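The chains carry the letters A, B, C, D and E, assigned in the order they are written, with residues numbered from 1 in each.
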């Protein structure tokens, strides 16, 4: 799993049905690249989280056939990116 | 999921049956690389979209055994690549 | 899916049974790296093709449990790498 | 599988149920990037381990629908990163 | 599939059960990075091989739920890395 920072949420009114009503967050990885993740844990802007990708991202959702390849797995209690 | 820009559509008369009649779009990722994605949402040139890869790309299609590893998941309402 | 150029075919007399009698091609990606792909469409040297990776590569073959992680999905009608 | 060094464990009180009670380790890959992995073998700080990613990461756990995309597969007996 | 060179075998007495008695090889990819792969074909040091990753790596083994994300698919008859 990778460690990323939560930047905000994604507004996207036109999307596939396969995502259901899952919340979408914009994350930033260690190279500064912004990614979109499904959030089942309720993360907030500024939180450091770890994410699961691939088929594991789907198994983190109530329905494993949901169309996500990146899902937040947990909020890290204490994290400094320069440790 | 990744955030990409729609560049146009792909003309490809000789292709595997496993893609059915799905529309193919050419996308550009954040490094300028061009990729090919299945489009179930009807995105247009210039739209910013997010994409699902891996097995999630297949679950975004009506038939989950379709041969795609990249599928558009939604059109982003407002996006600036330099935010 | 990624866009690659066909360089030639791969001679490999000692290989796993899981690939059956599928033809193997050597492709070159946009960074010049050479990769090996299963070819169900009959691509020729110099063709520009798009490829599916991951589990989608297996679903492009007659038998989805075949041991491939890269399969040619189609031959692009017109393509210039510098467009 | 990739070869990584164990840096420590991850404290994360708020996490998805899909990870059960599996131990989480912080690893460092060959580029210095820190990643989070499930540990079924009991690795310690300073150990060199190899890791499985993707769906193989899930099959390394008692329950293959667990939400991990990186799992430690074994502790390497002797390893020098500069060999 | 990727093309890699066999560097040697991996000694790893403490490992997950999910790998069974499969032989593990150390490979070097085109960037010089060393990786660990399951070897069902009996490759030797100095051989050039191609490898399957992801779920295809598992289907190259007798048991498809084995915990590998990289498996040797065949030994290439003639290969020069600078062709």
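Assume a residue touches a chain if its C-beta (ideal position, glycine included) is under 8 Å from a C-beta of that chain, and two chains touch if they have at least 3 such contacts.
Just so it is clear, the structure is predicted and the values come from calculations on it, not from any experiment.
Looking at chain C and chain E, no chain is in contact with each of them. Centre-to-centre separation of chain A and chain E, using mean CA positions: 32 Å. The mean-CA centres of chain D and chain E are about 20 angstrom from one another, to the nearest whole unit. The set of chain E residues that touch two or more partner chains comprises 53-55, 57.
If touching chains are joined by edges, the resulting network of the protein chains shown is one closed cycle, each chain touching exactly two neighbours. Listing the chains around the ring, anchored at chain C and oriented toward chain E, produces C, E, D, A, B.
Listing the residues of chain B that touch chain C in their complex gives 10-16, 18-19, 24, 33-37, 53-55, 57-58, 65-70. The part of chain C that touches chain B in the complex is made up of residues 1-3, 30, 40-41, 50, 52-57, 59-60, 64, 71-78.
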